[in-house]
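The data blocks that follow each hold one structure.
Both complexes shown next keep chain A, but they swap its partner, so chain B is in the first and chain C is in the second.
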Partner chain A sequence: MTTGLSYVAMRMASAIATLFVVSVILFAAVDLLPGDPAQQILGVNATPERIEEVRRQLNLDDPAPVRYGRWMWGLLQGDLGESVRTGGPVEQIVGRPALNTAILVVVGFGAIVAVALVLSALSGIREGSRLSNVVSLGALGALSVPEFIVAGILIAVVGLELGWLPAVSLVPIGGTPLDRPVILVLPVISLAIVGGAFGARLIRAAVADAARMPHVEAARLSGVPEGRVILRHILPAAIPPTAQVLAFLVPFLVGGAVVIERIFAYPGLGSLLVDRVSLRDAPVIEAVGLLQAAAVILAFQAADVVGFLASPHRRTAP
Partner chain B sequence: MISVRELDIRGHLDARILGGLCVDLERGKTLAAVGGSGAGKTTLGLSLLGFVRRGMRLAGGEVEFEGRNLFALPERELRRLRREAIAYLPQNPASSLTPTLRVEDLVGERRTDRSPSAEELLELVQLPGGRSFQRRFPHQLSIGQQQRVAIARAIANDPRLLILDEPTSSVDPTTQQVLLALVERLRDERGVATLLISHDLPSVGRVADEVVVLSSGRVVERGGALRVLDSPADPYARALVSASPDIGVSQPRTAAVAAESAPVLGVDGLCAGYSIGRGRGKRTIHAARDVSFDLAAGETLALIGRSGSGKTTIARTLLGLHAPTDGEVRLGGAAIPPRLRQRDRSQRAAIQLVPQDPEQSFNPRRSIGDGILRTIRQISGLRGGAATLRLAQVLELAQLDPALARRRPRELSGGEQQRAAIARALAAEPRVMICDEITSALDTIVQRQIIDLLKLIQDETGISLLFITHDLALAHEFAHRIGVLSEGRLVEIAPSGQFARRPQAAESRVLLEAAPSLSRTLATRQDATRPSAGGDDAARAVHNATSGAPGDASAPAEPNLVPGRNA
Partner chain C sequence: MTMLAGQGLREQAAGQAARLRARPARPSVATLALSVLLGVVVLVALAGPLMAPHSESEVVALPYEGSAGWFGTDYLGRDVLSRILHGGRPIILIPVIATALSTLVGAVLGVAAAALRRDDVIMRAIDIFAVIPAILVALVLFHRFGAQAWVLTLAVVISSIPFTTRFARSAAYPILSSGYIEQARMIGEPLPAILVRDVLPNLVRPVLADAGLRFIGAIYLVAAAGFLGFGPPPPSTDWGSMISENIGGAGLNPWGVIAPSLMVLLLTIPTNLLADRFARRVAG
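Up next, the complex of A and B:
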């Protein structure tokens, strides 16, 4: 019998193992990027001797496994290395954009969950009602529009034409986006429309499945008040699949944030990543990639744990 | 108290589910609705809650409870009645209890101010009322316990009307007894009116005052329980009663088997098990322990036992689907490999299965005929016209209309699906056919037809049958010999007649004791009621529609059954 605690420990161990595998793939992928960092740093007019010297400084001539080992060893000690382009520790380069993106993702996630839960609960419980069909169709429509188009329309109409909200999300120097929350509104709406539609459709399906179970009919025929039928007889069964859906929103948000940040000139990881990929700044790219992977893995493991805790037949002895 | 008038409920394409149904039920009385599957019994039960399932609609008539038409009540009022006055026990306890709620919530949720405590309610159904039991979830209960929790939940609101949908069909004899005793007690002590929906005629015979026999949504017969079950007048009702397996009257199948010939199938010291759990909690369940028996040509051997006694594991092991830990299986005297993949084509063909749930065993997207043809091609190697000819032969043998072979599994009735599964097994020209609980999901009339069909096939082909069942009465009259399994051991194996007369093992006596028997039940009740009731149940029960309005003071405790126009 697995208890809750040992289950969580098991999931954490598997999360760490997954993260290791991801780090190998990430390192290999960055290593395979075309272009020599030394050449990039020195420009096209550099002499071969000079390039050779920089390569040696950056340890680029070591075989890949050795460089991976050195990187991982540093990581385990909390050292992300130094930028090969601008110098300086990677922590400092990544730190503030990571915080900015985290704020965007968390606020976006909250908005999506609010939109998705309300819409799906309203429509899933009484399947086949008019509200249910409207939500379902509306969500499909919203889902078909890419977030950058939504963002473009929002900027053009709300930002420029009406001038209600800033079209560019400039963060005050030395501050965080929370000092000027108004700059978050349009990016979050752009993410929430698409993500909320995606979440609402899937959660709606989970709630509808739960509402179709025979014990729900039995509860209604027992005269259980409708509110209690929903809260105690329908929704608990919908928790595990809903947790999975919410976990799927995290990679969507992390990926979507890259595009949205670029559009709104928001100084987050997405903007940083795009800049550094074009500069072949391997340590920074790897750090950002690993951070994103960790967020996604953590989300899925958390969803598994929530599903486990919400299922008495898995949590307790038979 | 409750009166159903001219109730007309339609289903898909306006098909009649219930037609012009009239039923009355008085305080303190028990009315049983019996009939085959599809007769409309459950629909009738739900209508007493003012409910019609999706896909059906109310086309006419009314259900009057204490003077008010349930179908005209607002939702809020209806919910109040369901919460305070009416109790409903759904058909399948396992799926009707919310899996995320504990026993205390399931029972407590329906309690009112007047109700006994959850502990008292649980003790009423002979469950432990203590804290640790109340903290359990449904999956931590046996089926019998689930059913008892469900009934405790149902009666928690101190109901005046109790609707029980097939309460005894999926549970063990002990739970059946608890349930029936509770119905009697509620009737006697609190005057609860009960509608018992059931195809379990012995249970009906024990508790019902009145019986209505339903067929295709109409009442074909109604009257006092003893009269209807003892001497039904309507042909369908007669068929239903005579098809009910009855250990009290059934004749054992006498051996017409060449007992001296070498056995077709031999099982020697078979052991099989499986492990559950992981890590420290890992345990091995021994589902079969040292099981040995022979099966002669043309013989039917019934394996009986409670759930969990190892019946299905033995079948799976013989089929090569489950690897035994010890022992061997012999076919015509020669040992065959334990695993299916090691067996050659003829060895595979020789042992065929008719599964418990035939619908699941056919591809839902292909026709029944395609499914059978596949077996013919795989095992007989026949192609084209020869395969089609073979298909026609097996369909005829299984008495399945060739037109039905073009349909998909879902479009067939339960009995037809079972014939299709038998035809598919026969397509391999097996020497042994294993029938795993093939009649348990069928109503008694169809069950009888399938048994008759198997006897006929056996006479024609000389095939041997291993008939796995928990229905002792059925085993008694269909099998030449009966083997009793208890915790994986074959504790007794004897010819059917001898078995019923002189059971040797303790488990055999327990099973015989619990075997349902309509005739014995009726005899017991007739003895008990003879001094008071006379013999005029029928006359008492059948009234003219105009007489005896519900609540008539002259006959307060008298059930008043009004014959429907279409009856």
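Up next, the complex of A and C:
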């Protein structure tokens, strides 16, 4: 029997270990990018001597493990390094876009959960009813629509044709998207349609599974009133799988945000990532990748902890 | 990290089982209609280049001319209909190949994890793969090797393997712990023979049902890659690339965006509905 605290500590340790392995893979992957940063900084007319000098300044000639060690050492002290393309500390380059993306992801997450709960309630109330079938079919249809197509149609119709909402997410200089919430509407709708349908199907499945468990039948047979069966026996059993579903929305949002940000020219991590990969700005790419991976790991671990705390017999995951 | 997408759908499929058992075995009208629709879209995508009135690079009118041809012209004045007919092959062929590969690799890894009880090694490795952003992997691969078809296929395979492995493992577990397997083991049958003779035949249908869902994910990724500018090299195109090419002129000729979007939807919606039907039938 593990206690809650030691379980959380165990999960934390596993999260840190995972993040560490991810950092190695990330570093190796970014190292695969073609082109010489020194050459790119100096342009095509640079002399070989000058290139050699810059390579030495950037410590590019060291073997990969040494460069990884230096990067990791800095990271542990909270230093993400400097951009090799535009100069300046990576924290400053990544900070603002990270905040913007966090706003998009958090608002999107809220919208998805709201849509998913309403849809799963509508379709779950009376299984087999006409309303339930229509909602299930609609959710399945919505699940087949890639978010960038929703976004493209919204931009073409609502943004350009009707002109109701901005088609491009211009963030006020020095401000955040929250200063102009209207720019969030179309990107969030684009994310929430697919994500909401996805979440609704899985949450409904989780609740339906919980309702079929033997202890629920036992409670019903021993005369527990239906309301109490739902509140005390079905819903608690549905919490762990629902937490997993919600956690799974995070990688969907992190990946989806890259495409959505690109479409709406939203100044977040996705746009930054796409730009910096083509510039081969390794320190920035690595920082963004680590942030994204950390968000996903954190979500999964949080879901495991919630599931652990919510299950009465404190069972560890199989 | 105990659940990835396929599992939830499988659980839901099990939930529908009771209702489905009462259904007749022959395919319903809806299933037939969806299959025909999907067949037509696939045919148009594969044979499209033969039917196109113009080549994919021929300029036929001014840019974003709405009245030229069926769907007007694109941002360079090329015929949208012809480019739709030319741009269907990658979005069908790459997902088919990538899904086949990732399902195969996932089945081998997943069954190995379940049979050898090596969850710690194989599943931990898979979990690590699952948290690395797929889009980052794809971007790095594209810049390293160029936006070629095999690179896109590889990117899709890498990002699907965590799902297919997890699904195969969860499907193999109940089979491996069932009575007849235990009996075979007790008689002293070697593990490889058990896997091939007893486990594999029972695994084919659920894994195929999951492959249907993966295929949709693959179409998403290929279309998204095209959209982000990593489609086939110009003047070749695919439906995802066409959407991003023409979005700037959506006010002038909306068909430049709507036509390729519709083609993607005509591909994904029937596939999704059919895969869902198949998955439910398997679970029933």
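Going forward, the second predicted complex is superposed on the first by the 296 of 318 C-alpha atoms of A that agree within 3 Å, B and C clash if a C-alpha of one lies under 4 Å from a C-alpha of the other, contacts with A are read in each partner's own complex, and residues count from 1 in each chain.
Definition applied: a residue touches a chain if its C-beta (ideal position, glycine included) is under 8 Å from a C-beta of that chain, and two chains touch if they have at least 3 such contacts.
Predicted model, so just to flag it, every value in this text is computed and none were measured.
**Student:** With the two structures laid over each other on chain A, which partner does A:R70 touch: chain B (first), chain C (second), both, or neither?
**Tutor:** Neither partner.
**Student:** Looking at A:A310 after the superposition, I want to know if it touches chain B, chain C, both of them or none. Which is it: first, second, both, neither?
**Tutor:** After superposing on A, A:A310 lies in contact with chain B but is clear of chain C.
**Student:** Between chain B (first) and chain C (second), which does A:L221 come into contact with in this model arrangement: first, second, both, or neither?
**Tutor:** The answer is first: A:L221 touches chain B but not chain C.
**Student:** Please indicate which partner A:R56 is in contact with in the superposed arrangement: first for chain B, second for chain C, both, or neither.
**Tutor:** neither
**Student:** Which partner does A:V274 reach: the first (chain B), the second (chain C), both, or neither?
**Tutor:** It touches chain C, and chain B stays clear.
**Student:** Compare chain B and chain C by how many residues of chain A each one touches, and report the one with more.
**Tutor:** C
**Student:** Once the structures are superposed on A, label A:P236 by its partner contacts, choosing first (chain B), second (chain C), both or neither.
**Tutor:** After superposing on A, A:P236 lies in contact with chain B but is clear of chain C.
**Student:** Just which bits of chain A does chain B share with chain C as contact spots?
**Tutor:** Looking at chain A, the two contact sets intersect at 317-318.
**Student:** Spell out the residues on chain A that touch chain C in their complex, using ranges where they run on.
**Tutor:** Touching chain C: residues 18, 21-22, 25-26, 29-30, 32-34, 128, 140-141, 143-146, 148-149, 152-153, 155-157, 160-161, 198, 201-202, 204-206, 208-209, 212, 241, 244-245, 247-248, 251, 254-255, 258-259, 262-263, 270, 273-274, 277-278, 280, 285, 288-289, 292-293, 296-297, 300, 304, 307, 317-318 of chain A.
**Student:** Quick one: in the complex, what on chain A touches chain B?
**Tutor:** Of all residues in chain A, those touching chain B are 1-2, 213-219, 221-226, 228, 232-233, 236-237, 310-313, 316-318.
**Student:** Show which residues of chain C lie in contact with chain A when the two form their complex.
**Tutor:** Touching chain A: residues 1-5, 8-9, 11-12, 14-15, 19, 127-128, 130-137, 139-140, 143-144, 216, 219-220, 223-224, 227-228, 240, 243-244, 247, 250-251, 254, 257-258, 261, 264-265, 268-269, 271-273, 276 of chain C.
**Student:** So in the complex, the part of chain B that touches chain A is made up of which residues?
**Tutor:** Within the complex, chain B touches chain A at residues 46, 49, 51, 79-84, 86-88, 90, 92, 95-101, 105, 109-110, 137, 139-140, 153-154, 157, 277-278, 281.
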